[in-house]
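Take a look at these structures.
Each of the two complexes below includes subunit A, the first together with subunit B, the second together with subunit C.
Entry: the complex of A and B
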């Protein structure tokens, strides 16, 4: 166990704990705020794994835009202070599905990589990410951008008033 | 880098974080006053009211710290801190002079700065919602809509200069800067400065605060030290936006005798941009919500995109 391992585990605990808070809190808006903590902790994990660029993308896109959009939508519609008990669903099935898929995935990963030694790759600088995206992965990248464009056009069509 | 040096760097940045906003605030008091044919503060500290903001600080500390009964306590109390910390972190990566004169040289400093500045909007939403006040919530929603809209031209304009310099590192961008970029990057400069003003919600983009209709927007329920934190965040915001504009577009420490006087040029340029920010407040009326969004989406974003194309063309032509 190196210092990095200890920090990885500690931050991982923060991420998992705050993720549990997201789904278990009865305060609607606080769930969104816990999500900020979760995504921030994941960004720190990226930093610890020396993927600097991805870490800051995580902060810029997820914390700065996605969660804000989510909170914005909640506050526009309905954001009571205090508990909203009427929004609860039966806990049994949720626990089964959530814990089942979570533990299943964790077990799968642990089993598949059980005796594999991975050397830490060089720092994930902007240059390396750029070379990977516009070199090896240029076709998936372009396809994804077309998909996003389609979503954008769809959003405009949906929000356009019929005249 | 040993621990002593690290402590020294962080200490220096913290001092800048505490001193520069006060300087900007005092300048705003005096500059606004004189532009409006007043004198401004004259008594605190005897000489032209230089100690006015220190006196204000003492006053804020003594005030009662009130949390409304209907408010969401923990979130309400946390919001001012969340508003303040991102700007402190951004100051770490802004280069003051040539060579190693920067809090923490980061390979992707520009990206880091943009990402962290974007976190501020979370604090605004926290304050707005947890206050349990309609005016606060309205102000917060306006702020969120404004910040998410203006984030786009802000980032695009910064991307243009990163493309021109071929790096995301702030010290390297300044190093590769040449005077003719002032002309080449002029549209991006204007877009970045205007979007930056909107990011820190300064007039004429102070629709989220709009004191004539929303009391004081998302800050309505705050008192004492927590309110002072929000005010401090606004003035650190001015310092950060001015320093980023100076670093990216005005050549940072470039100037006569840059080797020894670089830090002075950087501070002067930052000060000049900050003066412009104050001047805007005095000179322009507040933009209405629809005008504000229109300016962003119909003018700033297209200009920023056109600038990106221009930057790419010039880069390819020079290569």
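Entry: the complex of A and C
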């Protein structure tokens, strides 16, 4: 067990713990802030796995844009800022499904990869990611812009109102 | 620094998609520049021209497909005969459905709401329902969706497939929300479809990750090779396939992933419902076939029993729940669930016979279902379409022509000889017996009989009841709906009487290149 392994596990625990806090806290705003911790921890995991570009994208897009968007949505709508007790549901079924699928997946991965050794890949730099995206994967990448354009048109259609 | 090396692009192979995409972009610009009252006709003409161009290139390629040329764009796209057949079917069915989009004579301003942001039920809303021209952004959205479908049926790896899945789904979610009448129902259906669709996409993506964990690649050829090799943990592969299948079966509306279907079919504007019922089915089954028979061929004996159970459940759920429906659009939604089950039976049958029957069924069903929804959009009263079953009582006396056409369509759904529905069911069941799935055929025949009951009930109601006070009038359709209705009905008849040419075409197309 190397230092990297220890750090990976520790950061993973932080990610899982804060993810639990996201879904169990009664404050909407706090849930959003816990999400920052979760996504940040995932970014650290990427860094530890030597995928630096992906890690920075994770910080920029998820921690930066998505969470800010989420908090803005909470502020701009009339969502409750304080404790919202009506969010609670009976804990039994939720625990059963959540813990069941979570532990099941963890067990599955542990069992499936139990004797697989993966050599650490070369560092995931921006150059390598760029070469992959604009080389072999250029078509799906460009098609994603179609998706964005369609979403843009749709957003305008749904929200535009002549006065 | 080295120059970036781009993969070889065969632009002719991409042209059908590019044509639709360019037309959609032009459509967006038209929205900004052209006055409202001209937009509908310009958008319609533009879309039809784009579809014609796309069809031209599909037909052109179908004559010259060779294996070396089939794979293009860095291995992202596979242009084989099956892909071209599906693309052609999508374009033709999309054309017929788009005719319904453009119809403006049934109701002032067309079937779509003018401003979706106006609060439902407000003064402003009542004003716009009767007086404002509907939004025409629906054409670019539909074209975006169609271009995504064309990519979906020709995608050669799971990642491209996922991107295409999103590209064709997102515009559909949006289109569902734009009905002119019954807007709350329409918005609810869009939200429901969006949430469940996002959930299904997540399953699909998770499946991709699992399969990548097994094969260390996402293209079908590598997955197939790795599965044959038998190294690595096949549990990962099986769970990956199961998750992928959940994502795809959601799109084809197979039980138990069908729950969105009735709500969305009922709430969406009828032209959009017609578009979804025909084109989405073709695309989703095309994708399913490619995943199963190109990527996971080696797992056949493992997924066949599971898929068989799902097919049996789907036909049972669809046909039994169709009996209890009182709304015509919901009835057709459950009938579409059951039909997804019949097509699944053909998918399970496999071999060339099974694939041929699936391709034939998809096209035949697509035409019939568009005609059915075109007719539903004609029967209206002051509040828009009258879809409740009781309102159709006595329609035969009011307008024998349309009641007659609808009767014919329902008989085609029920699978009466001389309709395309009969040939389609016959070929699917024949292929299933050939493939050793006799138990599915028995269930299929029994559910067909159950399913005939709701259809015949509508027929009896239309012809044998007296027209009452509440029987709505049938609008005289404009040229566009008549054309769509005519094409759909004629195709149902022609494929029923002379199915040979289409069956030949489907047989030629029924081979996937790995």
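To be clear about the criterion, the second predicted complex is superposed on the first by the 156 of 163 C-alpha atoms of A that agree within 3 Å, B and C clash if a C-alpha of one lies under 4 Å from a C-alpha of the other, contacts with A are read in each partner's own complex, and residues count from 1 in each chain.
Quick note on the criterion: a contact is a pair of C-beta atoms (placed from the backbone, for glycine too) under 8 Å apart; a residue touches a chain by one contact, two chains touch by 3 or more.
This structure is a prediction, so every number in the text was calculated from the model and none was measured.
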Clash or fit, subunit B versus subunit C on superposed subunit A: fit
Subunit A as apex of subunit B and subunit C, Cα-centre angle in degrees (nearest 10): 120
Which of subunit B and subunit C A:100 touches, first, second, both or neither: neither
Contacts of A:33 with subunit B and subunit C, given as first, second, both or neither: first
Partner chain in contact with A:121 - subunit B first, subunit C second, else both or neither: neither
First (subunit B), second (subunit C), both or neither touched by A:144: second
Touched partner set for A:108, first subunit B, second subunit C, both or neither: second
Which superposed partner A:71 touches (first subunit B, second subunit C, both, neither): first
Shortest CA-CA distance between subunit B and subunit C [superposed frame, angstrom]: 9
Touching both subunit C and subunit B, counted on subunit A across the two superposed complexes: none
Complex contacts: residues of subunit A adjacent to subunit C: 108, 111-113, 130-131, 134-140, 143-144, 146-147, 149-151, 153-154, 156-162
Touching residues on subunit B, where the partner in the complex is subunit A: 70-72, 75, 106-108, 111-112, 114-116, 118-119, 121-122, 125-126, 128-130, 132, 137, 140-141, 144-145, 147-148, 151, 155, 168
Subunit B-facing residues of subunit A, complex: 27, 29-30, 33, 36, 52-53, 56-57, 59-60, 63-65, 67-69, 71-72, 75-76, 79, 81-82, 123, 125-126
Subunit A-facing residues of subunit C, complex: 4-7, 9, 14, 21, 24-25, 28, 73-77, 115-118, 135, 137, 140-141, 144-145, 147-148, 151, 159-160, 163-164, 166-167, 170-171, 173-174, 177-178, 213, 233, 235-236, 239
